[in-house]
Amino acid sequence: MAEIKEECGVFGIYDLDGGNVVPSIYYGLTSLQHRGQESCGLAVSRTAGKRGNVQFYKDLGLVSEVLREDTVRSMEGDIGIGHVRYSTTGASVAENAQPLVLSYVKGTLALAHNGNLINTPQLKWELIQNGAVFHTTTDSEVIAFHIARERVHSRTVEEAVLKTAQKIRGGYGLVIMSPRKLIGVRDPYGLKPLCLGKRGNAYVLASESCALASVGAAFVRDIEPGEILTITKDGLKSDKTLAIKQHAHCVFEYIYFARLDSTMDGVNVYEARLRGGKSLAKSYPVEADLVTGVPESGIPAAKGYSEESGIPFGLAFYKNSYIGRTFIKPTQEERESSVQLKLSVLKPVVRGKRIVLVDDSIVRGTTITNLIHMLKEAGAKEVHVRISSPPFLYPCYFGTDVPSNDQLIAASHSSEEICRMIGADSLGYMQSSYLEGMVKGLPLCKACFDGKYPMEIPDQTEEYMDL
Amino acid sequence: MAEIKEECGVFGIYDLDGGNVVPSIYYGLTSLQHRGQESCGLAVSRTAGKRGNVQFYKDLGLVSEVLREDTVRSMEGDIGIGHVRYSTTGASVAENAQPLVLSYVKGTLALAHNGNLINTPQLKWELIQNGAVFHTTTDSEVIAFHIARERVHSRTVEEAVLKTAQKIRGGYGLVIMSPRKLIGVRDPYGLKPLCLGKRGNAYVLASESCALASVGAAFVRDIEPGEILTITKDGLKSDKTLAIKQHAHCVFEYIYFARLDSTMDGVNVYEARLRGGKSLAKSYPVEADLVTGVPESGIPAAKGYSEESGIPFGLAFYKNSYIGRTFIKPTQEERESSVQLKLSVLKPVVRGKRIVLVDDSIVRGTTITNLIHMLKEAGAKEVHVRISSPPFLYPCYFGTDVPSNDQLIAASHSSEEICRMIGADSLGYMQSSYLEGMVKGLPLCKACFDGKYPMEIPDQTEEYMDL
Amino acid sequence: MAEIKEECGVFGIYDLDGGNVVPSIYYGLTSLQHRGQESCGLAVSRTAGKRGNVQFYKDLGLVSEVLREDTVRSMEGDIGIGHVRYSTTGASVAENAQPLVLSYVKGTLALAHNGNLINTPQLKWELIQNGAVFHTTTDSEVIAFHIARERVHSRTVEEAVLKTAQKIRGGYGLVIMSPRKLIGVRDPYGLKPLCLGKRGNAYVLASESCALASVGAAFVRDIEPGEILTITKDGLKSDKTLAIKQHAHCVFEYIYFARLDSTMDGVNVYEARLRGGKSLAKSYPVEADLVTGVPESGIPAAKGYSEESGIPFGLAFYKNSYIGRTFIKPTQEERESSVQLKLSVLKPVVRGKRIVLVDDSIVRGTTITNLIHMLKEAGAKEVHVRISSPPFLYPCYFGTDVPSNDQLIAASHSSEEICRMIGADSLGYMQSSYLEGMVKGLPLCKACFDGKYPMEIPDQTEEYMDL
Amino acid sequence: MAEIKEECGVFGIYDLDGGNVVPSIYYGLTSLQHRGQESCGLAVSRTAGKRGNVQFYKDLGLVSEVLREDTVRSMEGDIGIGHVRYSTTGASVAENAQPLVLSYVKGTLALAHNGNLINTPQLKWELIQNGAVFHTTTDSEVIAFHIARERVHSRTVEEAVLKTAQKIRGGYGLVIMSPRKLIGVRDPYGLKPLCLGKRGNAYVLASESCALASVGAAFVRDIEPGEILTITKDGLKSDKTLAIKQHAHCVFEYIYFARLDSTMDGVNVYEARLRGGKSLAKSYPVEADLVTGVPESGIPAAKGYSEESGIPFGLAFYKNSYIGRTFIKPTQEERESSVQLKLSVLKPVVRGKRIVLVDDSIVRGTTITNLIHMLKEAGAKEVHVRISSPPFLYPCYFGTDVPSNDQLIAASHSSEEICRMIGADSLGYMQSSYLEGMVKGLPLCKACFDGKYPMEIPDQTEEYMDL
């Protein structure tokens, strides 16, 4: 039940046999919806058609809200990309929906981007000082503009992408569509995921492998950190100029962002969370009658805790799936009498029991406090909380929207204090040093927990920030 | 994953202290949304106000779609009722949304109705032969009209309700709002549920106890079969004239309709399903490595099967909760390459395992066939299917939308044939005689399984059906 | 520029050759839109089809907003009726949209109604005392209910309509659709208009002749006051049982409601207004350089004034036709600096001139005051106001929404006072005794001007009014 | 009733006293709505605020549809611009709505543009060859990009505007908002209009003077052809570097585009059309009983014809103002029986008369043919058509959407042939040489009539056109 937000999910497909890829983009985006619910969009083209003949549609809303049947059925092409974007607030955010579709020196360039750059202000400054204009406040437009500028002096679009990638710093997974090519790019550290699939003669790029499966494509491999993969009618071409040895995969993909049924960089997400739960059981054992997880994200780790400890696993909550985005929040006064709207306790499951309650993180502490209270009201004798990640202590610069320190209960309280504040009988956080075990030794970026960033973070001066 | 549809859910509230009940109706309907997703609505009034001064709003759509913040915040009253209705197709269904709000001899009458009558045509015929007009094709309007007609010669509205209830036959849970009274009525067999809760000085009526909890009300008791409960400023008044000894509670509430966290007629729904799973384990034991359930409805029975058999319980599927109502279905051609949109298998959970797969019912057999195929593709060695209800063989006349025989795989195939057709390694259906055990001996209507209806079903003549 | 509101417009059509009448209803309603902008709707059926098989659609909004192409193209039938309703405020008015479509003893009854009854409370009381329920607060539902009740004991629907018409009192134009018949009814005084047209083998009923022309139908004749005209596959049948000698046509149809190109009861509306202007010129001559009218309704009378007086006629105002229904009104503060949004003066037309400004009525006096001010600002030397109707002094009970006395400037001020208040150089109101001249001697209801109602107006007791 | 389309209307306002200008932009755009109905938008800022702090809103639709009360009331600023755009078809046109709002080297630049450039492809090519990207296909984005690029090396934004204006060729009226300045620019020929008004301490720029009046501003003067007018907190600054002697005002503003109550370059639009009608009367006199115009655009010229000829002027048509944008067109089959939907004839006005029918142009000839037929059906003895403009023969490159030759009846038929084809008794077109008389000698661009363009029109090569 983490309240951490991911930036986005990307999808791309090129059917060398000329089949219409629009339905696949729709299903792929539906499978990536968990990565972003604010806006979505797609752009498609015919590689055999006139350069620049691109159809696109994007708007605020879920895939099922934005991409209505008539829109989807009216679009057509053998190459295309799509994007889902996470939910923020603020005016005119519709302008920031992706994919970006731009005309440039070689026709039309479309781009979808997951992640965050740390040198956007400088890159934007450089362009703007040369007279550029920007329509949006996205990193994606800065990247696209640099590609366009490099394209003028490059032999190929992939060469322009490489030159651009040599300048941008941060975590990113990009899919780029030019009139005849589909390109996937992953940052040199591998902070953001991107993988390749194949269905017949069609190549698919996606932030997660679950999206490959959703369109019937077989998983081929992950795009390597620093790799630029270009798909043309002649097949695949890989450029690894940017590859470095020091990788740093975002740990939060495994803890929270990615779907249970995805596998990233060789590590299955469900298994990682299961191992996380087992590790918690070893570090913080307790005598109890039942292990349960906070739906949905705490459940696999709870299952792991159960397997390791031998304490039976069960589901203790009912989740109301009809709490929509426009749900009218109870006012404070109403709240006092109205609980159990989103989650309610299955009393027969918890009555008289000592319970281990597993969740993936604690942000403000409000939710877990309510759940513990509900469990005890329902007759639980004890509630032992186990968290499958360390406390957040540092900001993320690569696209994860970690709340600011004043909202983080762990920023100003010890584990013992938090335990008391939330009303738990005991509390155990996953230790940072155990995280690599969870992912079978994969090198991780755990900066949000330990402050060790894989690259130097530049000062964000006032002047730049204004852009 | 049953594809059986329930008619409706009802909610009513009267705050004797005069507090505004609109937010409570909104939260109550949100908690009953699983009982009906086609349309919803509410009607509220001030008991101290002018007779007939009722505000109401209803439309096609989910609660979160129909009842927007400005609408909800603009309504006000100390007494009110609400309704959710299940999804059908057909023109002008908006006209059939509830509550019905009518002016009659004593001001305004509002009515919300869950269930189905079997003598509607006769009741309508009687009115129409006397010159009545009808705006909708609902049973509810027929009931309301009879109440209004009886009201003319009755001392009180509850007397008119009683006279009407003496004429209507079928399964029903009704909430009725007159200018100064809130009335709940339950059919004499107890086919449809209705319960009473209390929060401070406010009385609440709801189809399920989960809706009481959602507004902070404590469960008081079930309305008894055949009871008419009238709530006025002076408190409760119960009329049991209609009570009979022979009860017949709808078994499908326990198998599928009701929410896990509800308790009906003394039987907790989660526990009933758990017992159902245990009973299956006794009747159809099998050697296996994992018990899992089809989300969401098969999961509690799977847990029961696991507890009884000692085979570990686990979650084998990921469910995409973003498949909205407007989801664009893949065409046949697209479907061949796109699976796993709604449910996908967690491969590490099932790989190499012998699996017991529990679901609540089989209708056409299409879904279970797909799931078995997906499990085997993911590496499951065996898949043993256990169904926590007997095969459907008879139509329901009381409000459950059982598919017609030609859509029911069990209507024309033996259990062995079905097992082969769906690709399972074994198949076991719950036996009809075990159902009472599931609900601790509560008398049930199991007519959809055994054809024994609690009351005589009249011929549905052509002449009547036209009305 | 009257701010008086009409109740409604009705339309009916029956194509004996079986042609689809839906497009004609759409065009007919578009032509009657000036009679009501709040809501609209239509109902159609196949006379050869199953009884009760009626399609209908209605909602709040203009014809062009409510009846979208897909709706219109999806409906079909050889018999149908339609309705436009005027704009009111208030909650849940969508419920009051017409046509009413009801099931009754003989299948489906649809009804569209223009006008107002004066004995609705009694009629409703009678029904409600016998146990009836009402869904709306319209007279139309009361009429329909009485027809349904009478139908039980009548040989034909037209007989039931006659018995109902014998009970209802007021002004009305009705179109009624039963499974095989289209019926038009007009009140005995002829207060409300209704006419008959024919196109090929199709009969058309409409509130105004302009709607006949819009569907290519030739005008046949007006329905006579008190006539019930029944159209079946065998042709026309007229019943004049209700006919009386004393007619009283609503004068406001000629002054304001009806379209310029309509002819009612033998009097062309444009010619009536032209004659009104001539009469004003005779009664209130003045030396001037230009006669102009307030768009749109004052223009024909201005032309008449010009013809009679010999003073040149011209257009002095530009009207912005993009001031939509959702136009954001300037606040008081904004208003001070923003004038001329809806109407602006053509300065070259008025500069240095003495102007006769003709309008059809003065309600509050605000608009005319502004216009006179604008004309003078634009350089007009004098502005002489001529009003083509007498001052309102009495309420209308037959469907015209005359503002209450405290909003009527004429209720508390003499003509001289008004002239001074609005800043005119002279002011002349049409005299009531001249109105018959305007309509070539046609007997009129002028009760809003002289208080002489054609029938006795009952007391509106509190008890009844509540219903 | 011309079917010629104008590009756009622009509006800008800067209140030096700090008052909120949003309501004024709303009213101003409402007054300019006749210049464009496809899309509209506005952008506002606080000059005292942070650079780049701009609110904007734009979408497809009329002002009353796009700018709803909550949107308008939520925006605020002391400087702002607005835009209305004409109706085209095609996908994704929402992207082309204006104002453009861009971030550039000095914060935020907003731009609204009326007109068309003839060297856009070259200007875009130049940028794109240097690596630029474009989000839209509008001239406006090209202009904005050039301003941004020039701004890098300019001391002020007005200097950058000047350098840009020196490169762009065509007809244009621009309003530009930078963080602290409002700038108006008009092309050197004066093809497109732009004028200045003042209300208290607020300066207003608008395409037409009617928009000044709508916000209570007094007309100050027209922006001169080639003038760049910069409004800062210190007042006005005018740059006339670009001024040339040879002016060429678009004749179509006077014939059709502009509102009757506007005055442009010293010529009142109503008076111009009146003179046009008088000139027609001199060139093509005829014996007749009535002069009438096709609503709305033919009416002033008809009045002029009447004044010159002495034949009485009258209104012969009723126009249905409820024919909305979503009006469902009759199919061919329906059309045969349905005429008079939009315009209907006032029979008493025309019966037995010889009529002079004045319109502003003939495009396909369909409309005028129908109107003549309707007049004769209504009893007109003769119909003499007079057109207040010469026949279109040449394309316009400056923003007027003249239909292509194969749609222009005059392109392939002589005046005599047209007269016969439309069923008129005589036909007279305004002669091109008389047009200057209509506008009191103002130098005109009449290229659509005589092919004499004020500047050289470049070849539009395939390569450029793709961009």
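Chains: A, B, C and D, in written order; residue numbering restarts at 1 for each.
The criterion applied here is as follows: contacts are C-beta pairs under 8 Å (C-beta built on N, C-alpha and C of every residue); 3 or more make two chains touch, one makes a residue touch a chain.
For reference, the UniProt names are A, B, C, D = Amidophosphoribosyltransferase.
All figures in this text were calculated on a predicted structure; none of them were measured in a lab.
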item	value
Rotation in the CA alignment of subunit A with subunit D, degrees, nearest 5	180
Type of subunit A:subunit B copy interface by residue overlap (half), same or different	same
Intercentroid distance (Cα basis), subunit C paired with subunit B, Å	49
Computed distance of Cα centres, subunit B from subunit A, in Å	37
Distance between the centres, which are taken as Cα means, of subunit D and subunit B, whole angstrom	61
Per-residue multi-chain contacts in subunit D, two or more chains	none
Chain contact graph, described as a line, ring, star, complete graph or other shape	ring
Complex contacts: residues of subunit B adjacent to subunit C	50-52, 55-57, 91-92, 100-105, 107, 109, 128-135, 137, 141, 144-145, 148-152, 466-467
List of subunit C residues in touch with subunit D within their complex	23-24, 26-27, 30-31, 33-34, 37, 62-65, 67-69, 72, 199-200, 210, 213-217, 259-261, 268, 270-271, 274, 299-300, 303, 313-315, 318, 320-328, 330-331, 334, 336-341, 344-349
